[in-house]
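Alright, structures below, take your time with them.
Next come two complexes, and both contain chain A; in the first it sits with chain B, in the second with chain C.
Here is the complex of A and B:
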């Protein structure tokens, strides 16, 4: 099935160059052309969110059985404060990444897009960051956004090795 | 997207369609996904499909029935039975039943020389007729199935190969299967993850096509032969003296039927040929030879 990955790669370089709909995906490509199982992506924060103006790196691992099995995707550790992301590991809680919800009709671009959309619509019912989820649930948007902005701009969060 | 949504390759070969929602995939890809997902949902729209149609060969598999991996061969044959094209002249069949029951189902020759007898549906055959038919429809496997009920039986001289062996051979040897498909089939069999059900699907599909082909051909021949017998019987019954013995009857039956198969390209084409008149004409020629 790695032929499918090669096809995706070829199609992606065209789509990302041309389609303004995906302007927020700065990069989505294999780490090295020799190994199509490891990819990386760089996305910009969506407008009207505290993430705007920042860039975020995603690490993507494509299993042998892809597309029967979903790709594994996570943010760089300790870079993404979000109620559905485990801050320390970068792990993402997103239904399309789970085996139970995945379908092989999706591709890597779909998934990166879904992750990007998650940034503007946090889902407090399946939190990996309880503090942020509580703020979302309390509908305290300004507290939620300023806390994220604080972390993103280098605010200390435990042993943050950040920017 | 023009290709298969699962592997992104072109659907020009090996395509099939989920009947309920109409989405198309490679047979192999969708069965692999069904096996993995443990349900029969379409990857594109998540609608559950119970039927999968092979587009090129117009064969439909009942996936719901099939999802039980412990599929017994009896279930396959039951399914094949539903594909059978039943002949309309049931009345005629009825009246000649006692006579025909002992004749070879394929060539109509009498019981003395029939040497294959299906225990399941009590149909007699000449081994040579059965084997010829199998060759004609492109089945080069060594075991032979009853054309009526699809019971598989071997011959006395050769041991019946096991079902598994036979299926593998079907896939590899059947000329109708493209080499590329055969190869995909192999590549799917190799990794453990693809498992039993994909292979079983292939097996079933191949079986269905095979049996469908076989049925089709024997049904055409049977219909053509019904005309020949009708004409012959009228001669025989009249006691006109033209046909003196049963041997002559079967000899003429054989020659005339084979001629008719040939001129109508092994297909029953009642709109193109008047089989009664053709049979009458050919029988007349044969009768003149006897005199």
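Here is the complex of A and C:
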């Protein structure tokens, strides 16, 4: 099965270079050529969102049983304010990343794509950031977007001590 | 003073649950764990959770995986590839490819067998592969009707 990862890697370099549909994926590759189990990705914030103009790094771990089991994917800790992301750890709540909803027909490119799409469509019903989810639920987009912009530009989320 | 049940308005459904618990206790003392016991236990779990718990752990039986129809090599195109391993079927001189019921999606037997041992869904369309009844043998049904006429 590890052949499949090598195939994905080979196909990816072509796709990312040529296909404008994936222009927002700056990078998606193994951290080092020696170990195809650890990958990283860099995506740009989607237009018309408070994330636009920023870049975000994703850390990807591919389990031994991939593609029968889903890859583990998360943002860098304390970089992504989003109602479906745990800010402190970077953990992402996304159905395809869970064993119950994953299927082996998905690949790393499409999971990164799904994560990118999540940035422009927050899902307040399964929140990991309750404050942002409440603002989405209250349809207070301007408060939601400015809070995210505040965090992205270095605004404090309070002290981590005592948590 | 009101009881906990009155306060929390749970008295209405507490009795059936209590009966159920008593039944379970009896069953357990008689048989240890058994199919009947597991079924009763399942009733205690809310319906939404039941589905998740019961479906998730179960893959397809081995007999089902073994019975999947093989695809003839002549029915494969050069570009056809297994979406699990991403390899072209015809790269192998003796490809062992199977077709799932109903959705007719094809995979290498080796690849899909691992997946179906853990899941009941088609990797491509999430169709529940066990939900389709096997084809009923029509000739038999007609025979039975005939018997009815003469009997």
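In this text, the second predicted complex is superposed on the first by the 158 of 163 C-alpha atoms of A that agree within 3 Å, B and C clash if a C-alpha of one lies under 4 Å from a C-alpha of the other, contacts with A are read in each partner's own complex, and residues count from 1 in each chain.
What we mean here is this: a residue touches a chain if its C-beta (ideal position, glycine included) is under 8 Å from a C-beta of that chain, and two chains touch if they have at least 3 such contacts.
Bear in mind the structure is a predicted one, so any value in this text is a computation, not a measurement.
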item	value
Superposition on chain A - do chain B and chain C clash or fit	clash
First (chain B), second (chain C), both or neither touched by A:141	neither
Contacts of A:31 with chain B and chain C, given as first, second, both or neither	neither
Partner chain in contact with A:4 - chain B first, chain C second, else both or neither	both
Which superposed partner A:103 touches (first chain B, second chain C, both, neither)	both
Partner chain in contact with A:68 - chain B first, chain C second, else both or neither	both
Common ground on chain A, meaning residues reached by chain C in one complex and by chain B in the other	1, 3-4, 7-8, 67-68, 103-105
Sites on chain A touched by chain C in the complex	1, 3-4, 7-8, 67-68, 100, 103-105, 107
Chain C residues within the chain A interface of the complex	52, 56, 83-87, 111, 114-115, 118-119, 121-124, 126
Touch list for chain A against partner chain B, complex	1, 3-4, 7-8, 65, 67-69, 103-105
Complex contacts: residues of chain B adjacent to chain A	5-9, 29, 32-33, 36, 41, 43-44, 46, 193
